[in-house]
Amino acid sequence: MLEVANVSKRFGGLLAVDGASLKVAEGSIAGLIGPNGAGKTTLFSMIAGAVPPTAGEISFAGQRIDGLKSHEVCHRGIGRTFQITQPFAGLSVRENIAVGAHLHHRRRADALAAAAEVAKLVGMAGLLDRPAASLTVAGRKRLELARALATRPRLLLLDEVMAGLNPTEIGEIIGVIRGIRDSGVTVLLTEHVMQAVMSLCEHIHVLNQGRVIAAGAPSLLVTDPKVVEAYLGRAAAGRIEAGSRHAS
Amino acid sequence: RAQAGTIKVGVLHPVTGPLAYSGTQARAGALLAVEHINATGGIKALGGAKIEPVLADAQSKPEVGAAEIDKLNEAGVSLVLGPFASGIALATTQAAARYDLPHVVDVGVVDQIVSRGLTNTFRFGPGFGKITSTALENLVKINDAAGKPAKTVLIVHEDSAFGAGMAKLLNTELPARGFEVVDTISHATPTRDFTNIALKIKSANPDLVIPSNYLNEFILMARTLQQQRVRPKGIYAILGGAASNIKFANEHNEAAQYIMDCNHWYDPRKPVAQAFAKACAAKKIDLTYEAMLNYACMQVIGDALEHAASRDRKKVTEALAASKFDGHIMPYGPTLFVNGQNEGAQPVNTQILGKNIEVIFPDTFASAKAVYPIPRA
Amino acid sequence: MNPDRIKLIAVPVVLAALAAAPLALGTGYWLGLATTTLMFACLAQAWNLLGGYGGQFSYGHALFFGTGAYVTAVLQVRLGLDPWTGLIAGTIAGGAIGAFCGALSFRYGLKGSYFALVTLAFAEVFRILATSVPFTGGGAGILIPLKVSPANFQFADKAGFYYAMLILFAVSLIVTLAVERSRFGAYLVAVRENEAAAAALGIDIFRVKLGAITLSGALAALSGVFYAQFFLYLDPHIAYGSGVSVEALLAPIIGGIGTLFGPLIGAIVMRALGEVANVWTDGAPGLNLALFGLLLIIVLRFLPDGIVGLIGRLGRRHA
Amino acid sequence: MLLEVRDLEAGYGEVTVLRGLSMTVASGEIVAVLGANGVGKSTLNNTLSALIRPTGGQILFDGTDITAARPAQVVSAGLIQVPEGRRVFPDLSVRENLLLGSYRRGRARRDANVERICTVFPRLRERFGQAAGTLSGGEQQMLAIGRGLMAEPRLLILDEPSLGLSPLLVEEMFALIGAINAEGLSILLVEQNVAQTLEIAHRAYVLEQGRFVMAGPSAELADDPGLRRSYLGL
Amino acid sequence: MTASLLVPALVNGLTTGAIYALVALGLTLIYGVLHIINFAHGSLLMVALYGVYFLNTGLGIDPYLALPIAVPAFFILGYFLQRGVIEHTAHGRDQNILLVTLGLSIILDNLALYFWRSDTRTIDVPYGFDVIDIGVALIPVPRAVAFGAALGIAALLWFLIGRTDLGRAIRAVARERQGARLMGIDVEHIYGLCFGIGTATLAAAACLLLPSFYVTPQVGHAFVLVAFTTVVLGGMGSFTGALVGGLILGLVESAGGLILGESLGQIGIFIIFILVLLFRPTGLFGGKPA
């Protein structure tokens, strides 16, 4: 469904993404992990059209999308959330989500109604009339998700939507994301919360210093020494392995 | 008939905003006249009724001027005097016409003010056409008398209504009178720096510079000409803001020397005019043309009220239209409004000589002889 | 009742009240003041559409006001067209200039102060051009001949002008209401709040902003057209001077930025402050305006969200 | 006691978030505050840092009452917060961000401290001249902590320092917290990463609905079944 | 057009540009660094010019010698305007700051009109008409002094903002107030200082300008627009930018005036301005756009 081929991005002297390639299959939940500053957000921004790639090709559903603007990419069916949340601070939660819903609803009333529906989906039904500015970090992350969902995307890019949530809340949102996938939306996410990545993703790409250094099923990556050294650290890898052994 | 009490007269000028200086001067002149009229028995035909000036501020904006007319109308004024600037005058005369309110225009030089057929409008001072033609005639005379030292002319003017209009006229008229216009330089108000203009003048090297601009720019220009050692044979301003300003003559005496101006000015020989000048000095009012014209306008108004013997606007309008008043301080002869324009109105020529502003033309009441061309040590 | 409903009812009520106002205002000063207040309210409404809803602060709305005014005046004086055609032409010209200026600035991503200043610069360029080209009458300005007749947009009595202006203002108010309730309006507000997020939700930021500035330009031109017909004289400074631009942004900020009635309320309050200042200082030149400035600051001190904000706060407390 | 909070109440406008909190941090301690999203942990931190004025109660720092102090005075006293969301200075370079850390305190050893922090976070040295706003999320987090340490704090408040860090860095982060604590620095730690937090903290408080509902040594809390259920997802 | 006209015109453009730079320096600090759009800038310049004028006519103090009096006085004035008026009325909202400064300018302009009347005032200094003859052009002494001073003040501000803790704090506060507070930076104090410094540079500009200029209550307006233009042209918050921007504008205006005529020549300033904004919106020396 999504294919990124040899994409690079240069900021001045810094090569933030360096010939990265990846594929995401339709209907799957794929993960993109890697150390801080590896270029994950930059890669997301390039897919979403917010930042033009310096080199390489990006295609979505068989069509080239690199070079398109953000809004054009959105019209093609790609939704994204921002790692550093970007709420419409002066608007209420309902109005925030309605902006996304307008993509498919011309009339205001329809968009507002659709917003309420989406809010229910992500567990924000009770917050509809709260100003977005007064939400906590967790609330804002959910709002990001809701807004993107309201555009009814075929592919959803989630940039660290779980950061700042406690384990219980992470459990909840994992359920939400599964639900989204089950409704037919493909998901590509980056996350540092391994518990979530391990349980959600079917396929994971590991990015380090702008390059994809490994890709495969979660269980395989945990034991990949390159991944452990660059990203997980021995302690975490050990804990995850212990955890999965425990669970199985 | 014991018709004592007061007669309300609207005094409308831009006393705030960019035109504040002129507006304030104008107001001061008008009020001085009111004081004199009231002190000498008020309007006798109305039982010695005093003139009560109702002050209004156009804030240098036409729409405010028009709104002030509404207010003055409601205050029950019998007529209005003002409003110094052409742009404002166009709006105020029209607004006043709605109430059949007589409107005496003091300065506004744009000729459309009186050519629109508004029967309530009377312009006491000369208009554009008159000023320019007089200025040109006098220029020729002064130049001829000195043995025609000036052949080439350079015009410097500010680019709004009055300066631009002036320049246009000069450009068609001067060649017809044997002068060659070597350049016409227009500049904005305010202009921050005159060095370039001075350099251009220096390089074009005209015999005569004709500036037409407001006070501040004139001061800067005169100082810059001196700084850049630009020495034409004469500077002949037309409605030059500073050339008839005594403060300029005092504060920048060196830069101001020998500058001539064709402008509104009073007749210094008339005793009333001398009394006026004395009163100005006593009250520390700068002796400027705005003050003079408004003083004279109020005198005309006083006379018209005497003849009207009424506060009624229609009667006042009729009295103004029939006015043959001669006792004012301006060198105009008896007032004669034709289609609202005072036919006798004309500018005079002044020159800064030493610390004084002297009238040099017309000869009939000149207080000094023109020093032209400028003597070079 | 939800706020959307309230507005639907409030708009006709307010317009009806304004239509009835001359009964209380008489035919003199107050009616004239009301007419110019509506004129500036219309200009403010135009500014508010772009600045309040769209977050694109312009310091150069004189650009559109002046263009509307000059286009009608020039068409009338030079080509002999009637003022009603001039009204349409002026409005279109205002929109076109808006589109032109917007296309240039938004295409290159100008935002915030940069956008504000570029509009100011455009207004200045037009002011200088109007001073320098002959068909506008140059610095000497342009004078529309006095010929009283409604067909000529010149009314014998003041009330005629008042109602003409009221209709123009109603247009601006209804356009704003329609925008508020449309998808375009939602997009406009989203762009104001966060451009990156808006783009990611499928909004073509450039087009939304361009639409807003075009509409705003056209509405502002309406007030300019009216000015020309009401005062019959224009010069570059009157039309394109920075004073007009300041008027345009003052009222919405005082009234309540990005609100439907903010510009009207702000325009009324500003005139009221001016009147109060006049009365208190007995019209002492300078002092009255200084007091006006002081009152302006005091209003801001106590009403940080404008007057509509205050009304909203009071409303919430009662609810 | 280094920090002593009595019956603290605070909120935003008409909304009260903290409803009477009392807590202490002793010299040399790591004290954790746990709680679900939106219960007011950051509000507590900001009240301690004087960004929010309390509506009731008292805050004593090293025996002095700082309830009504201004933020600058709190910083001068040595109470430094590394805020949630990092709040680095986006237009300033990494180096300048660090230098500003010692705006009020620790100026004498400024250069040495920069050196020390760059040894702890080599990434920062690599990005020394880059504008902080262009750093990745994790890099900004390192910078924020480094900037806080530049002030040579006596009590360091860390608001979710592991947020957005890779597992490896989280590991290092907790090691670092342990290390600076071992040098004698007291730490108030707000974290979602409950398991690891309880491993390194001496004591912990659990915040719910504006009040502390549990408090005690970490080891005891870690074994509490209620806490395990609601905060560890077990 | 001959070189004999062009060269002195360009030299003159540079000296005029230095004046623009002087006025713009304070503005770039307040506007570019703190993102306060200070509409009162021109009015404060006017007040400063009156101050220097009265020091000269009342106490006989030469405008250049008035520098050590006027500069600290205006620093204090600026500081208290910010802390006492703007801070309390603006409530941190940009549009309110804009209005407060607008209100301030209305107040200052009209109080000046009320107390000092609308007369144009000038002073006569012994060196007022002295010129330095550099062969190709005559440079009035006051202009030459202002030129040197503009360079010096720009350098001073550049050092202050770029190289000192105070400067870093000012830049930090501009974008991240909360973070700054947590570092113990007193945000309100910094705003006050910044506004104070910006106002103080106006006092310096006034001292340097008065020997060759005039004062009226309206005088500030002649400089405001061009000062804003200078700031954007140079890049907001950049002192080198303000300096170079001012010089460029001086040159453009001078050359434009020569070629297109003084009136239309002014258009050059704005066209340059629009072009720079469109193609290099961060200005000639600006960093990232805000």
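Structural remarks
Each chain gets a letter, A, B, C, D and E, in the order it is written, and its residues are counted from 1.
We take it that a residue touches a chain if its C-beta (ideal position, glycine included) is under 8 Å from a C-beta of that chain, and two chains touch if they have at least 3 such contacts.
Note that the coordinates shown come from a computational prediction; the quantities given were computed from them, not determined experimentally.
Listed here as common contacts of subunit B and subunit E: C. The largest tally of C-beta contacts between two chains is found for C-E.
One simple way to say how far apart two chains are is to compare their mean CA positions; for subunit B and subunit C this gives 36 Å. The centroid of the Cα atoms in subunit A and the matching centroid in subunit E are 49 Å apart. Centre-to-centre separation between subunit C and subunit E, using Cα means, comes to 31 Å. Rounded to whole angstrom units, the spacing between the C-alpha centres of subunit D and subunit E is 43. Contact of a single residue of subunit B with at least two other chains is seen at positions 15-16, 20, 24, 159, 186, 188.
The set of subunit C residues touching two or more other chains comprises 128, 131-132, 139, 285-286, 288-289. Taken residue by residue, subunit E touches two or more other chains at 110, 113, 217, 263, 266, whereas all remaining positions touch fewer. Contact annotation for chain pairs lists A-C, A-D, B-C, B-E, C-E, D-E, with touch applied as defined. Across the complex, subunit E meets subunit C through its residues 31, 35, 37, 85, 88-91, 93, 95-96, 98-100, 102-107, 109-114, 217, 225, 228-229, 232, 236, 263-264, 266-267, 270-271, 273-274, 277-279, 281, 289-290. On the side of subunit C, the complex with subunit A involves touching residues 181-183, 185-187, 189-190, 192-194, 196-205.
Contact residues of subunit D toward subunit E in the complex are 49, 51, 70-72, 74-76, 80-81, 83, 86-92, 96, 99-101, 103-105, 131, 133, 147, 151.
Across the interface of their complex, subunit C is touched by residues 15-16, 20, 24, 55-57, 59, 61-63, 66-67, 70-71, 73-74, 87, 90-91, 94-95, 98, 110, 112, 116-118, 158-165, 168, 186, 188 of subunit B.
On the side of subunit C, the complex with subunit B involves touching residues 28-29, 31-33, 36, 128, 131-132, 138-141, 143, 145-146, 157-158, 227, 230-233, 235-238, 243, 283, 285-286, 288-289.
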